[in-house]
Each structure stands twice: as structure tokens, then as C-alpha cells.
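Right after this note come the structures.
The following pair of complexes shares a single chain, chain A, combined with chain B in the former and chain C in the latter.
Let's look at the complex of A and B:
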């Protein structure tokens, strides 16, 4: 006979679970409300989602630093808290975009919002644990919800995007599971903290090199897929193109923040253990990704695809910070995303204001450059704001992304990798070309006369979000200092 | 008093910005009125400051703000109002005010009326910064500022097309503007080098600190600094061989010629030498060189004025010549006399130019004095003004020019440089001749203009009234010589004639006067009864040499401009296009091509994508394995 297991409620430390629970319960609530009354307007769900995200944010802010809970599975350290905050804030920026002036298919389903909240919860689980099984569960929860959200956009290339993403995601999940299994075989545990201890005692055993190699490479492939690093990025442009513009902007940020949080835990462990080739691998991935993605962005004819490649390039840029394995490097990752978030979401949201059901300009693309020709005449304010976002993405001071770039480059120099900083600088120079190309189209070209441009998707919430993003982009110089010290404190407090 | 300093300095800036507000609009009469009033305010403030400095004998120093602080270099935005600067301020603002009022009439029909006033006031502001600054850096800012304004104003009618040198020696306004600017840039390089030498060796750019350090410096350093600074002065004051731009600058509107290219900006070089007199008085060789060059230019420019037919160019040559006189005085150590001639010259030369502007206005912009004559019947007042100004310029007592120029010539005698003295005396005679040749050809004799179908008329009355202060000063300025000397020698070194010279003063004055009167009489004989052209004389080589400005502009074109253009062309076509551009294009093409190549992996086919993932995994594994094998 088994003894009944007795668990005291205090030892569970449920507070550590509170943020995710808020999101999950909120998602369920939405589903229940829909069951009771199916005729509610979408704005109700938007507001409800915002409310739930606020509760989630509050719960996250209320967490005590470096607490474990729920059988030591949850780990609310600085990395977890900072990445959760970023995830929630980005989600709060994204949600109001559902309040468009035109009716869009996906937002009329309450399930959209429920899935969205489940996805947020999934990402939060992913970042707030060093247990590979929980990480995996979180990852899959979030991914499955995301696939569905993409498909809900209800266009043929949305389905295509969702299926592609799903299939490739399944393969990546396989890699992750296999990597975890090898690590388990190697150490007998799936908790990274314990695995590190075990590995430390065994790392000198040459017979085990192959398994260390296997586990790290398999996990790396899985993460590289999530982070859309070359050559695992192939899904990204297609999926971004298929998804709605705001969701594409969202996907360029939130899943990657979560994946970076996990990467810091996993690969930081390897590098700390002195497995230098993990660092080499990351550096190679980073440099190749930022360069190739930049070059591919150069030749795009569609602004959305250009932005997709540019966000891949940015991911490569940030990946380089991971290789440093210094507190400064890890802080740089989150700082960069905190700054990049507003600009990138803003830029994608700007595409959203000119959404057409039919492709007016080009048989193949939704947002070709020609569509933005002479925007300064049609929509002067919009053109200026878009130009601000482009300048920021190009890393022009004093706009937000510049500070992130300079911080990571400085971290690279401090870590003794001067050549890396130079490569980063060169890539920023190349990227300026395609960002400025859009500015040239907007400001210096005449509008395409024979195709009328109807900017009908402009709503108050959209303008508010874009305005907020613009303010955050322009005003970065005022808040970057405290932001750096907060992020740095949180990261160093969790021992990275 | 501090407030007055700021009013005097910033009223022209306010004026310029105000006019700039309407810069692109059609003519607004109030722009001209408001700017004139603001300039008048600036003049009144300057005059009060002058009175204050005169009575209290102390300089006013103000610091607006710390301007540059980098390492050991501290340059405050400081201004000093002392005897020298307040003289310049008063002269500059007075002439500027008159010219502003005058321009209301002169630019009456111009499309860019408002823009003109904006530039003109901006010039005055720059000039004020130049003269009021208490350090070399501020001086240099003003120096460049007046250069830019001069460029804007010479090229004010930039729309006029280029013509050949035979048709118009200055080709076009925009060509002349560029020539002036580039010549000045060349000289400014010398100026900058001078400033670097000064800063390098004294560690400061403040006048008083620099001058206090001078005795500790070696002779060669002092010589280098003085020479380099003087090169800057040569550019701005159009001394040989950088003189060609000044006559070409006559392409600008005539009020500009009066204000910038006669009364104020071109005297900045003289001002620099006067301001930096402690430096120049410690370098006798350089100073002597300045005196010799000044004397040469005085003669050289006067000789070209003898045969010129262009009303404005004659006056421009005379400006050059008078600047030569000023440098001669400054070079011989008589700084206060140079400053006195500068002030007196500003009045009568501005008057002369404005008078010429009246004639131009009456003659539909015709400048050839051979086509004029007999204008006194219709332009009595202008004749009077120009006659007065010419008498002053010729150095006839009791007009202003007599006192100031005679003092310079006397100085040359006093210093024992008899050759310089002789040249200056002869030049005085030439000055009188060409001035009155011009006046008589314009106003006396037969009315040749009728043949060409002109209908001259006198200008607006208020324009004539506006010119009257200059006319009065051209007459009486000389009487203040004694008090002026007492005033400025508080700051500038005193200069007294020796006992010997003093005794001979009346005789020397008489010699000069004889030459001047002789020049006038000669001009009267030849030209007062009408124009009788002397074909034989005009065909001689020396006449042609003078008429073509010694062929110096052609020389510059053949030996500097053309080879330079050729080298530029080679660098552009061979080096820039084929090497630099091609390299940059090559990199861009390579990057673009790589992007295009990499794009092929984006097939849109899911199986391909999955294959890529597998390939990536294998590659990563390989990389990890290889680096594991290498690093261990």
C-alpha cells in the first residue's frame, strides 16, 4: 500500500503561481461567459483581457525575488520576473489593437482572447521554471495557442502559416524533448540547478563528451527554432506574412523573450561549466543570423517581410549577448527587448492601419514599398511616426533601439569580444539601408496615382498604442538609465 | 550699461530674424521700416556706450555665457566695449542704419525685398560680434559670419546668368560671390593657423591674456603668428594678391557695396591689425612688410581706377587704395591714425557709394560713365553729395579725408620711409584725379545719356535725407581729430610726430594738397567740358594693362582655376568614379547579391524548410564537434 501523500499548502507557495493562474483563470472565465451569453461585443472581451493582464501584471510585481514554489518546480528569480513583465506589457500593448474600426474575423471569437491568455500563461510558465518538463509544457501550451491565433486570421496564407509553424514547431519540440532526455540520461535530473551540480562533477569525463554534445546541440536547435535563428528561421517570414500585422509584431517579441529566458538558463549553465564550444556555437549562430537576415531584408519588396527579416536580424544581434554569459550580457538581452518592443510593435501596427481585404498594389504582397510611396502627402503624421520607428530600428540615436544596441555592443567589448562589436556595428550599417529605403519611399516619392490607398483601419485605440510606442521610442533617453539599473539589478540578483 | 551692450549687439539679430520671417513673401514695406528702426536702436545704444566710455575712460566687459569648455580650452562668450570697439560699433551701426533706410528706396522694386533686409541685418550682427568679441574665437565667428553674409549679398541676384569676361569682368553675381568667398577661405586658413599658433603658445584666446603672454614668446613664434594673422587680414581687406574679389563684389546691390565692401567688412583686416597691435608692434619686420604692401596696394589700385569706366568699380578701386593707406599707417605703428582713417573713410566712402547707387537707379543700372554726363541738371543733390565725398576722398581741406590721409602721409615721412612717402603722395594726386574724372564725367559736360535713351530722375527725398548724416560727417569728421586721438590712445599706443616732422608739417601738407588740387584740375580740364576720347592713348599697352587690371584675373584663371579644374576632373573621373565609387558600389552589389542568393532558401515549401532544420542541426553538431575537438 502506498502512503497517502500529504502536502501542506504553505510548502506549495502558491503565490509563485499567482500570475499564471490569473491568466489561465481569466481565459477560462472568458470561455464561460461566452457559454452563458454568446452575443457580447468584442470590446467587452478586449477590456476583460486588459483587466486580466493588469491583475497578472500586479501579481508579477508582487512576487518576492528568488522564491521557489510548487514542489520547487517554479522559480521566480530576476530573469523570470523581468521576462514576465516584458511579456505582459507587450501583451497589453497588443490587446487594444483588436479594437479596429473594421470588423475582423478573428476578434469576433471570444476564443481568440481565451487562447491569447492561455498563450501568455504558457510563456510565463516557460520563463518561471528551471524544470525542463514544465518549460516544455509551457512552451507547447503557448505554441499551440499561437498556431491557432495565427490560423484565426482566416485567410489562405494564414492557414498555410499556421500549418507550417505547427509542423516545424513539432519538429523543434521533438528536438527539445530529445535534448532534455539526453540531459536526463547524463545527470539523472531534469532540474537545471541540480543538473549543473551533477554535470560539474562529471564534466572532465571524456567518455561523456558525446552526450554533453548531444544534449546541448539538440536543445540549441529547439531554441534556435523559437528564436528564428539561421538556418532555423525559414518559418518566420512566411508566418509573419500570414499572421495579422499586430500579431506578427507580437511574435517578433514575446515568444523570443520567453525563449531567451530559457536559453539563458540552459546555455548559461553549459558555458558556466566551461563548455566553451557552446559559446562558439551561439556566436556562430548569432553572427550568421544577423548578417544573412540583414542581407535578405535588403532584397525584400514587401515591408512586412522586410520587418520580419529585420526582427530575425535583431534576434541574432541579441543572441550574441547570450554568448557573453556575463550579467551585462544577460541584462542587455532584456533591455534590448524592452526598448525594441515598443518600436517594433509600433512599426507593425503602422502596417495595420492600411489593411485591405484585397491586395491593391501587388499580386503577391500586402505591403509592398510602393504602397508607402508619398505617404507624407497622404498622411503626414503617420509618415513621420513610421519614419521615427524606422530610424529607431536602424539604431539612430537618441531613439530607443540605439540604447539597446550600444549597451550590448559595450557588453561585448567589456567581455573582450571587440570583433563581435565591430560585426554588430557593420550589420547596423547595412540594416540602415533597408529602413531608410522605406523613409525614402514615404518622403521623397510621389504617391502611386492609379491605385487609391484607403487607410480605413484607423481607430482611437490603435492611435493610442502607436502614440505610446512613438513616445517610448523618442523618449528613451529619459528612461533608459533607470531601466538599465532595474534590469541589471534583477538579473544580477538571480545570479546570472 | 550691460543692457545697452546687449541691445547694441542683438538688435541687428532680432532685426534679421524678423525680416527672415517674411523672407519668402512678397515685399512688405514694414519689414524695411522695422529693420531700420532696430538698427537705429542699435546705433543709439552704441552712441550712448561711446559717450560712456569717453567720459569714464573705462571699458565695459560682459560675459554672456560659457561657450566652449573642452579640456584646458575655455572660451567664454564675452564682449568688450572699449575705445577701439566702441569706435567700430558706432561707425558700423551708423552706416548700417543709413544704408538700411537707403535700401528702402533702392530696393523698392525688388522681388526679394524682405530677404535683402534679413541678410543685411545679419551682416550687421556678425560685424558687431566681430568687433565686440573679447577673444580671437569670437572674432573669428564674426569674421566667418560677415563672410557668409557677404557671399549671400554679393550673389543676391543669383539668377543672372554667367557672361564672358569681356562683356562683364565679374562674369555674374553668383560667380563673384563664390570668388569672394573662396578667396576669403584661402586667407581664413592663414587666420586659423595664426589662431592655433597663438593658442599653442599662450594657452588662451582672450585678448588680454594673450597680449600679457607675448613678451615671453620667442621672436620666430611672434613673427609666425603675426604673419598668419595678417594673411587673414589680407583676405578680408582684399590686399594684393587677394584683391580681385573686391571689384567683382560690386555685382551685389549698391547698398551692400556701400556697407560691406567699402565702409565696414573690408576694414575688418585693418581692425584686426589694430586690435592685435601689441603683437604687431613686437614684430617690426612684419609691420614693415604690412606698410610696404599697403603702400603698394594704394598705388596699384589707384592706377587701375585711372582708366576704368565702371562707376562702381572706380569706387571699389578707391576703396582698395584707401585700405592700402590704412595698412600703411598701421604697419608704421600709427594705429590710431589707421583707425581714424578707417572711420572717416567709412563715412565718405559709404556716401560716395550711395550716391553712385542714386545714379545707377536713375540710369536704369547703367554703370558706364562714358554714357552719362550732364546729370547735375536732374540730380542736384546727388551731385552735391558725391562732390563732397570726392573732395573728402581727394583730401581737400577742410573735409574729413584731408585730416586722416594727410596724417598717414605725414607718418610715412616721420618714419623716414621716404619712398613710401613719395608713393603715397603721388597716389593722393591720382586719387584726386580719378575721383573727379568720375564726378565730372557723370555730372558735368554734354548729356550723353540722351543718346542711349535714358530718363534719369532724382531719388526719393527721404533717401536723400537719410544720406545727409554721412554727408555732414564727411565734411566735419576731420575736426574731431584731436579729441579722437585723446580718446583712442587711452587704449592704443600713442603716436607723435617728431619735432623735425612737426616743423615741416605745413610744408608736407602743402605738397600733398598741391598733388590733390593738381589731380582735380587735370580732371577738370580733361573731362568737365565733355568726353573727348583719346583713341591713341586708349590703344597704348599701358592703358590696356590698367584697363584689364594688369591681367591678374586672367592670370588667376589660366594658372590657378583651369589647372585646378583639370586636376579635379582627373580625381573625379579617374580616382573617385573608378576606384572609390566602384569599390563602394562593388560592396553594395556583393551584399545585395548575397541577399538575393540567400533568398532562394525561402521557397515556401514546408518540406524544404524541414530539411533546412535538419541540415542546421547537423551543421551545429559538426561545429560543436569540431570546436570540441579543437578546444578539448
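Let's look at the complex of A and C:
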């Protein structure tokens, strides 16, 4: 006779699951509502999604720090909470962008919003666990939803983007599974905390060096795909180009925050164990990524592709903070994303308001630089705001991204890597060129006369989101202090 | 008014924002009025400034990001006071004499924002706040050159921006490193320059940091061989852009040396005297020769302005009170004189739409007032005694003579070569027969132009004859700084070279 398994509900600590459950239940609710009444307008679903995200945000804020739950697979430490907050805030910024004045058909499907909420839940699972299987499940839930969201933007290159992303994502998933398997073979557990203990006692065993390396390489390849690090970055510009502009901006932030949270857990463990090789590899990847992506961005003819390469370069910049393995470095990652989020989403949203259903300016690209020529005459406020976003991305003070850059550079200097700080500085100088290029087009060139207005897709909700992003970009100096102390506290509380 | 510095910094910015609302036709008057108010405020600052106090005055300190050591920290001493006054004066005169007709409103708004960043750089006492204004000043200038410039304006504007941006990012890493050392020593984060002064750094750190800051400042000055962006910027910029660029923006670089490099790295500065002096002398002589070879009047002024910046650099590294005070005074004189010269070139360009000297000739007979003012400014630029240019140049050369007589003589040739090319400009354009038909009907200075130049001429003569009211506060602060550098220097060699003048007991107390 088997004993019946007895699990007390208390020990499950289900409250650690509350944020994800809110998102999943919200997604299901949207599907049920669609069953009952299929004719509801997208504005209904947008607002419902916002409310669900709000509940999600409240549930996340209500979590107790460093709580474990649900058979100990959930881990709501500082990293988990901060990254979930960032994911939810970015999602709340993204959702109103569906309310464009022109009809883009993906938003008229309620499934879009359901998938979106499932994706958010997936990312939340990914960051709120140190169990590699749950991380994997979260990663796949989120990725599969994201592939579909991209494909819903009904154009041939959206399908191309979705399939490309799917293929690359499947490859990454394979690497992740294999890496986890090797780690399991090495330690007999898939919980990182336990794995670290076992590894610590066996790390001096020379026969295992190759296996330790193998597990770290496989996991790093998987994460490099997700973070679009060189040489696994090639999918990113095509996928961003194929996806709708807000989704591209979203993809440059949220999946990467989640992947960074996982990376901090995994690679932080290796570095703490004294595997210097991992740290050097990360540094190399980071430096090469930010430099190559910058050089590629210089030659792009399309603003969206330029922004895609620029976000790869920013990811490389942030990746370098991971290698520092200091509390400041880890805090820098989230601080940078918190600041970068507004600027980057704002910049992509500015592309979104100028999105036409057919290409009007160029046979190949949706957003060639010429499209923005003389924007200052057509739409002065829009040009000024876009210029602010560009200056912020280039790291001109006092705009938001500058504070992230300076924080990470200071962390690099503090960790004794002055050369890294100099490389970061020089890369910012290179990147200034392509951001300036857009400013030059907007302010210093004459508009291309024979095409109609560029603010084709503009609506009030879009203006509100862009305005919010602009305020957050310009006023960064006033909220950086509380942000730094909060993030730093959360990260140090979780022991990184 | 204790917070006059904040008012000085943010009045133009606020005025710039409000300026968007002002009607196009009134924009120009609005700009002049705001700039005049700002100038009067800066005069008030001068009047209420305690000239016997060598330390920082009107200090404002508000923690901005305490966890990171950044605070909103402003203050002014004898060195920066007059740079602030000069900035507001040149902005006022620049806007008043502006001849631009299209998009006047945008220009006025841009200039007001630029004024904020310039004043901000000179009064910031926190390195991050300094850096913030320093970088921000690039954006309005980029727009001024790019939007109102000549045919190659976009290239010139971007070259200007990227060149300076790259240098200052290296400087930023240097700043972060100083903050890191400060944190290691004291356990507190701070970017306050006055806190940093207290740091005694080992020689190798000093040298590396000196190099990092040097790159940022030298590109701005611009020191040879980093000067290549400047002729493009001047060549393409509209008159007002050139005036502000030459009068104020270049001074940011030399001011950076006085504010950061000298007091923070005294030993490294002493070790670098020879290399910097050599570079500066090359800069003085080489650009003077290039200036002589130019056909375009504006390019002559541009190169001569680079050449004179070399004199400022030499004086700064004389490490004695004469040299450094002279060099700070020369910054003011260079600002006023080269600003005026660019405005004068603008006057003739507005009439003939060419700046080629071969197009002119005999202008003295047709435009006597113009020729007279041009002559005075030209003499001041060359350094004729009893003009403002003489005082600074003389002090610099006297100061540097103590360091190296040979190099002083080489630098002194700049006065001769300067006289040669300047007088040849004057000869080609103003004397001789009137060869071109178009020139015969040129109008002399309009009242608007005349009234823009008269204050400048008055200052040139006044400070040339009686520089004491300006020189004395500068001298006080410079002496205090030298005494402090000498105390702080760790090598005997540096202590020997830094000449501590007899400092009044009062000034010592302040430091």
C-alpha cells in the first residue's frame, strides 16, 4: 500500500504564486469573455488587460522578500521581485499602444491579449525560481506566446520573423535543456542553491573540469540566444523588423530582463564558485557584442533596424555588469533596464505612430531615415521628443539612460576594470553617431514633399504613453535616487 | 540673494521654455531682454562678490543622489566669476547683433538653452553636474551649426559633436575613478570637486587621471593635434555660432584645466609642463602660419583664435601666479576680442555674402567706422599695449619665462607672426584702391551694429589700461590655489616648481 501523500496547504505558501496566477487567470477570463460575446471592441480588452496587470503589480508588491513556496521551487527573492516589477511596468506601458487610430487587425483578436498575459506569466515564472525545470517551463511558455504575437502582425515578414525567432528559440531551448542535464549529471539536482553546494565540494576535482565547463558553455549559449549576444544575435534585427514597432520595443526589454535575472542566478553561481573562465567569457561576449552591434548600427538605412542593433549593443553593455559579480553590478543591470525601458519603448512607439499599412518611402524598409526628414516642420513636438529619446540612448546627461550608464561604469571601475569602463565610454561615443544621424534628419533636412503625413497612426493613448516616456526620460534625475536605493536594497537582500 | 547662481543657471532655461510661446516677430526682442536681465544679474553677482575672499562664494549644496554621491553643488570664485560675466555679456551682444532672419525664434530659444549650459559649467562644483552641463552644451551648438550653417554644416556639426563627446566620455571614466578612490579612502561617495581637492593621489594615478581629463579638456580647447574640428565648425557656423563658440565654449576646456587638473593632480601637472608647453608652442606657431595662408577672412580669425588659445595653455602651466592669472585674464580677453572679430566678419559677410579677402580692398574709405573698430579689435588680438590683449599675454610670458626662457621666446614669436597675418588681413581688405564695383556702395555700420560693438571696444580699452578690478580677484583665487597645490604636492620637484606667492593671511584662512 502506498501512503497517501499529504501536503498541507500552509507549506505550499501559495501566495508566492499569486502574481502569476493573476496573469494566467486574467488571460483565461479574456478567452471566456470572448466565448460569451465575440463582438467586443479592442479598447475593452486593452483596459481589461491593464486592470489585470494592475492586480499583478499589486500582488508582486505584496510579496514578502526571500520567501520560498510551492514545494520550494518558487523563490521570491529581490531579483525576482524587481524583475517582475519591471516586466509588469513595461507591459503596462506596452498595452495602450494597441489603441492606434488605424485598425491593425492583430489587436482585434482577444487571443492577442490572452497570449500577452500568458507570456507575462511565463516571464514571471522564469525569474521567480531557481529550479531549472521551472525556469525552462516559464521560458518556453513566454517564448511560444511571443512567437505567436509576432506572427499575428499579419505581414509576410512577420511570419518570417516569427519562424526565425521560433527556430532560434528552439535551438536555445535545446541548449538550455542540455546544459541543465549536464549540471544535473554533475550535481544530482536541478535546484541552483543545492547545485552550488554540491559543486563547491567537488570543484577541485580535476576530472570534472570539462563537465563544469560543458554545463556553463551550454547554458551560456542558451542565454546568449535570448539576450541576443554576439555571435547569437543575428536573428534580432530581422525579428524586430518583422514585429510591430511596439512589440519590437517590448522585446528589446522584457525577455531580456527575464533572461538577465536567470543569468544572474546561473552564472553568478559559477563565478562565485571560482570558475574564472565564465567571467572572462562573459566579459568577452559583452565587449564584442556592444562593439559589433554598434558598428552594424552605423550602416543601417532603417531606423527600426538601427534601434534593433542599438538595443543589442545596450544588452552587451549590461552583460558586462553581470561579469563584475558585485552587488552594484547586479543592481546596475536592473537600474539600467528600469531607465532604458521608458526611453526605448518611447522611441519604438514613435515609429509606431508613423507606421503605414504599405511602404510609402522605400521599397525595402518601413522606416527609412528619409521618412523622418524635416519632422521638425511637420510635427515639432514629435521631433523634439524623438530627439530627447535619441540623446538619452546616446547617454547624454541628464536624460535617463545616462544614469544607468554611469552607474554601470562606476561599478566597473569599482571592480577594478577601468579598461572596461573606457571601452563602454568609447562605445557610447560611437553610438552617438547613429542616434545623431536621426536627429540630423529630423531637424536639419527638408521634408520629402511628395508623401503624406508621417503621423498616420497617432491617437490619444499613444500620445499619453509617449508623453509618459518623455517625462520619465527627462525627469530621471529626480527619481534615480529612490530607484537606486530600492534596487540596491532588493539585490543585496537576495545575496548577490 | 544667496541662491543667485541657481537663478543665473535656470533663468535662461526657463526663458527658453517660455520662449516657445512668444510670437515670432517678438522673439528677438524677447531674447535680448532675457539676455540683458541675465547680464544684469551677473553684474549683481560681481558687485556682491567679496573680492578679498579667495574661496568659493554663493555656495549652494543640495544632495541630489546621496547614494551615489551626486549633489547639486554650485559656487563661484575669482576664477569663474568673470567667465560667468563674460558669458552673459557675449550672449547678450551676440543676440543683439544677430543678423539671422529665418527661424529667429528657434535661434533665440537655442541660444538661451546654450547660455544655461555655459553658465552651469562655470559655476558647477560637483563633477557630475559639471559633466552634465558640459555635455548638454553640445546639443544647442550642434543645432546652431547644423541648422543655420554653410553648405557643409551637417558634417561640421557632427564632427564637432562626436569629437567632443568622445573626449568627454574618457574624462567621465576619469571622474568615476576619482570618485572610486575617494570612496576607498573615506568610505563615502562624493563627486564634489572641493572634496576631491583633499585627495592626495600617488604619482601613477595622477598621471593616468591627468591623461583622462586632458583628453576631455584638450579637445575642447582645442589643443594641437585635436584642433581639426574647429576650423570646420567655424567655417560652417553662422556668425552667432562662431561668436559663442570662440568666446565661451573654448574657454570651458581651459577652465577645466584650472578647476580640475591643476589642483587635483599637482605633481602630474608639473611633470607634464614640458610636453604641454611643446604642444602649445606648436599650436601657437603652426596655426599662426596656417592663419597666414588663409584666403578666407573668417578662417584667419578662426586659426588665430586657436593660436591664442595656445598662449592661455602655456600660461596655465607656468605654475606661478603671474602665469595662471594672466592665463585666466587672457581667457576673458580672448573671449571678448575673438568674439568681436567674428562679429565683424559677420558684418561684412552680411553685406557681400563672401568672406574672401581678395573680394575686398579699400574698405577703410567706404566704411570708416567699421574699419576703425576692426582695427582696434585687431590690435587687441595682436596684443598691443593698452589693449586688453596685452595684459594677459604679457603676464603669461612673464610667468612662463621663469620656467623656460627659450620656450617663452618661441611663444613670444606668436605676437610677431600674429601681427604679420592680422596686419596683412587689414592691408588686403581695408587699404589700397577699391577694386570691386560692388564694394563702392557698401553701407557703414548700422546703429544696431555700432551699439553692439561700442561696449566691447570700451571694455577692450578699459581693461587694457586698468585691469586691476578684474585681475585682483582672479589673482587672489589663483594664489590660494597655488599655495594649496604646493601644500598638496608630494614630490620635491613639484614643490620646487610651483611658486607660492606671498599669500595674505586672509586668503590662507579661507582655503
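Note that the second predicted complex is superposed on the first by the 494 of 496 C-alpha atoms of A that agree within 3 Å, B and C clash if a C-alpha of one lies under 4 Å from a C-alpha of the other, contacts with A are read in each partner's own complex, and residues count from 1 in each chain.
By definition in this document, contacts are C-beta pairs under 8 Å (C-beta built on N, C-alpha and C of every residue); 3 or more make two chains touch, one makes a residue touch a chain.
In this text, all values refer to a predicted model and were calculated from it rather than measured experimentally.
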Room on chain A for both chain B and chain C (clash or fit): clash
Touched partner set for A:221, first chain B, second chain C, both or neither: first
Chain B versus chain C as contact partner of A:281, first or second or both or neither: first
First, second, both or neither for A:213, with chain B first and chain C second: first
Which of chain B and chain C A:14 touches, first, second, both or neither: neither
First (chain B), second (chain C), both or neither touched by A:237: first
Superposed model, chain B segment overlapping chain C, candidates 41-49, 77-85 or 401-409: 77-85
Chain A - residues contacting chain B, complex: 163-164, 167-168, 171-172, 175, 209, 213, 216-218, 220-221, 224-225, 230-232, 234-235, 237-238, 276-278, 280-281, 284-285, 292, 294-299, 430
Interfacial residue positions of chain C with respect to chain A in the complex: 64-68, 128, 131-132, 135-136, 138-139, 142-143, 146-147, 153-154, 157-158, 161-162, 165-166, 169-170, 172-173, 176-177, 179-180, 183
Touch list for chain B against partner chain A, complex: 591-592, 594-596, 598-599, 601-602, 604, 606, 608-610, 612-613, 615-617, 619-621, 623-625, 627-628, 631
Chain A residues within the chain C interface of the complex: 391, 394-398, 403, 406-407, 409-410, 413-414, 418, 421-422, 425-426, 428-429, 432-433, 436, 439-440, 443-444, 477, 480-481, 484-485, 488
